[in-house]
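We just call them A, B, C and D in the order they show up, numbering each chain from 1.
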């Protein structure tokens, strides 16, 4: 065998549902494609049910299983705690892990409330002083096309930003007989489409533009106010007209318009009622020198309009983001051989391991996660207050100068 | 020659710029493709400059020219007055023509203020009692794909409507050195992107859904606050750094979110700063049984998702709206031989002539135009009042039942 | 009225079916949008049935009607004869008109046989010596996107051409019960998909590339060999199982591969059996410096890949061909307000009138039409001879140098 | 840990370049997503260089390394030999492995010559009698959209097939200074674009249609006949005008037209000179009842036109192939969360393991690989013989009945 003098990095993961499966694939794959400075070792998986967690650990490639996350955090062979549970447990686990000196990756949204997110950001700040790092897992930042979009915005290719148009459209609860799962209950999920998918477009938009939302005006709606109780609930069978229903206590859709620092306008929409749109995370940005457009349903493409070309030659250009010079793409396959959803997590692992091995803070930080949480809170506050324009707490002023402004209008020159 | 026993319909047009050229082509062409019940005769064109209007009449095919619109209205050979002037003259001309017993087609927006629009709607109502009719020229209703969208919504193919997503994106003033033309001055144009193109998506959305906006929350912005004075203004030459600038007094962009009667949510955006988008009038509607999507930049296509199909077979379908059974299309060319922008006006003429010949009120009426005006007013009021949700005057309640509801949620059944 | 000192140009048209309606709209419209050097006057229309031709003349805007094309050719007020009849009468009418000193526009394909086409090209050559001109109406050359494609190829933007991929896909006879119309009978139509739509892609490809096909290898097929006789034929009604059928004597589809002068390879396909493709005239060209792609079903778009850009920035770019600098487009509407099928004919009229008024030969010439005819003949000869590669008569050698070569391979430099 | 009573299946892989990396990821991942009947164990990797193969084995997750493939075949812990070497070594390794009683997966094309492929198919047949199985790795069959296409064709949704349009377009050697790598030398690679990517579209087309090509007419071309020798060759540096060049001895592009059993026509094109097309494996099939279209550059989409719908409602529908009911997709992520290139290999492993565990022959067989090889041979023979139509050896007659014909034309009914 080849010698491998790299340090190892023991990983412990909590939760093994949708996100846990995705993260496992990432931990299993990253080292085969990226030249990592440390070798991740899939040490242990935690879950409540002894039998289930053992089976999952076996299937997903974890060396051991724990039934209490505290035991996982305490393991000597675990240096990183990867939190893949629902939002209501993030704060407790993350803070405990950080205090125990373990690096943390935490799924999004960072927490279910601003207060929890603040506590987590505070804990992350304290830990960082001791060289212990935390990252919130906004995986869409690691779509190569999204990372390329950020690069091009930062390079000034779009000039001064004017419009941000972001949508996250799904359709999995269009059917009113779809049952009342926990994601549709406020006490469990915090919010509905807003926190689940709205959080993604808020983070993606702020990441790509390098600018923060300063205030918002919002509407939210619950279209189907009662739904059948989920299987196993009390009540008659699904077929019966008398099947018992319960109240949906989260939003089905959230729309808001807002302002970014630097002056751009934003239009956002998150919904689970867009029939035919499966996972349409879309972002379009218009600037004075060009525009970008992205849709996750065609995740290997970034559309770029170069407004500095003569009008007769310009148009939106479909860049297939699989070239060696594109973010992340060089590690994979030849041009035109696209990546899929799970690669966003593999890239996340790669960036995280590189940062931690170098003693750098990985990105996005818990502070970034808190910033998204504050936008979510402003959206809910506005929606509850007649859509009144509501400032995002701690955000810069809308008109604040942004460092990379590359453009001047006539009055600014005088 | 063939005998032609149809009555004639004398047309007088006021204005001969962009809209005047489009309307002329429509009057010239409609009879060759549609079997009209009356034969339009292009009797006279009115404009202020004697020389220019005579040349335009000659080029565009009008038999005579007038330099005062009042003289045109008074002509015995004119039964229809077609108003193609800017919005600030609509009310005066239209009301005078209706009172003189002439049918009227008036370009959109109906007027620059709600008060003017109310007076016009009132005049139209009085005239209708005397068999004299008025229509506002929201030409996008006559795109075959848009008319097909309305048909399918009315047939219940989308089920209960959930989302309306409407954008009208242009980019002709992205350059801050583009001069301060009259469309950028409030005293002339009324408003900016809002009234010019926002009015189109408001009308199109209300037309296709058959539902009215009940309230809105809005943001407007003027990105470039000063611009060089237009050529011919006082000041130095364009190249000089000291070229004189003036203030832009209208919005560059207007965004709003809102609610429709029947419960759907709407997201609207009108801007002249979307670099690379030339005339992107886009509409997407999501319902419980299906979705529709349209973009005028591909005007011969309507995308339809049938949500009643099995998920494994469903998807957005590109219907090329050139079949004999499609609205308007049968009169033109074989399938796949598309139409262009100007055909919307030809269809407008066809519908107008048919209605007038049959003694019916053409559609959209001045009352419809007033409804759009009231939405524009609510948008401006909301934007001026911290984006507060603002009811549209005279609109039905958001939750009001709509006649063609085809769908029931679980709680509605109980 | 405005003074108009331009000479008039009297037009006489023969035939008033599909093409006749399209040409009429063009003659009626061209002068309102283009500043023509002569004023076309729609003098007379010829057709066999007195009643029908009179009605058509009235509807389509022709001042007079004739029942014999010879009388139309003989009229003093006719300087241009526009031939919109089926191919079997082209030669006789065109040659007679040219000999009578009338300019000629003739629909495509130029003729049903090479012999006829040769006679016509010969007649056109003789007439040209007397200042009388002829044009064959390959209207797709006048799609702005197609004209732009030619411009960019001629400017060297694609470098050395490697591949031409051309398809013309329709689906109007997929149903085997579609009747045996005259277009499916060899004695009337000459050939099937090959001459009807294959001729268009051959001409378009040669036009855009500026290079001729030098040889081809072909397959043709008639999928449905018998069809019900058309209505009015002897036999029982359509519903009856015993309805009489007749033999289809033309090709349903024609495929060929070939070589162009200069060395590019070509792949061509013309079919009426491509279910779901309505009028998909598609052309893709790949060169050493870039590529172009076009599909008539989205006729206002030209897709351009600039291969000289860094790979990380390159991609097919959707140019909406409605800018003032684009061919023909400046005469119409603002950017993004697209054109339709019929505009190709209006552009044809514009180019023809400009050429004739200037004493120049319009393009494409009858010689160009003959060149297409020779390719059609080579296709049929190859298909009949085991697909053997068959040289196109009179074409240059495949390897012949082309004047605008812009590129050298390593061995050419040595 | 969970108990795992499944048998293990020891895998030995030969080669670790592009294909080896892809196969490794598949072996590593399949078990985490699919419930496999046997547990693959990545036992050993073979390669010539001791140092390199050891490093690769470590990076890619193989437990041991061998420097001679014969030693790998001989290992007791290897039950499956996975051949990822260039085509010239396939026959020797595969036959030896089968004779040693090892199951075999062999990369495509099966071999460099028909003779080798015949020997391999013969060996596979003998081995199968002993329960030892072989598969050729046409991975594009395992794109979910391609597998869905086959399902729908087999269900008769396209009716009688008329047209198959297949292209595989790449652009990685457009630059004439790209060096003379081994893939451009006949003695190493067998052929150029034809065998490398043409083989894929031949197999994919035959797989999806369930019909074989019966004969072809072909053109091949080498656009750039000399190229700089690759780095490390004798000669001066790349920058020098005098850099030594060598002859390209394979095709740069191969085009052919042909016939399928059952009567459909095919048009095929494989090229490495389509600037801007990165990995455009495209397939369109037109039948009497519908059409399908696919492009690997958007690999999660299958476009379906249902020709049995009323024309006014029909159109190509974009099915995102990520639903639970779609082939392979249910094992992965929720709808709209797409897969990438490498998943085709994971699916291949899954199907292979299932077949071998059940004692069934996996598909595609070496006989299928031989069928593709015979088409490649017919293409080369036709191209060398003036494009003469050349029958594919052992193929059925073009007009032969196919079992699942679902459609009758009028003459067939009589």
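A few points about this structure:
As a working rule, a residue touches a chain if its C-beta (ideal position, glycine included) is under 8 Å from a C-beta of that chain, and two chains touch if they have at least 3 such contacts.
According to UniProt, the chain labels map to these proteins: A, B, C, D = Putative dehydrogenase.
As the structure is a computational prediction, the values presented were derived from the model and not from experiment.
More C-beta pairs touch across one of B-C and C-D than the other; that pair is C-D. Centroid distances from chain D (Putative dehydrogenase), each centroid being the mean of CA atoms, peak for B.
Between chain B (Putative dehydrogenase) and chain C (Putative dehydrogenase) the centroid-to-centroid distance comes to 36 Å (mean Cα coordinates, whole Å). In whole angstrom, the spacing between the mean C-alpha positions of chain C (Putative dehydrogenase) and chain D (Putative dehydrogenase) is 40. In chain B (Putative dehydrogenase), the residues that reach two or more other chains under the touch definition are 277, 314-316, 320, 335.
Looking at the complex, you find that chain C (Putative dehydrogenase) touches chain B (Putative dehydrogenase) at residues 1-2, 4, 18, 21-22, 24-25, 28-29, 31-33, 51, 54-55, 57-61, 64-65, 170, 172, 277-280, 296-301, 320, 322, 332-343.
In the complex of the two chains, the chain D (Putative dehydrogenase) residues touching chain C (Putative dehydrogenase) come out as 162-163, 165, 167, 169, 171, 174, 176-177, 217-219, 221, 223-228, 241, 245, 253, 255-259, 263, 265, 267, 269, 271, 273-277, 286-291, 305, 307, 314-316, 382, 386-389, 409-411, 413-414. Those residues of chain C (Putative dehydrogenase) lying in contact with chain A (Putative dehydrogenase) across their complex are 148, 304, 310-320, 323-326, 335.
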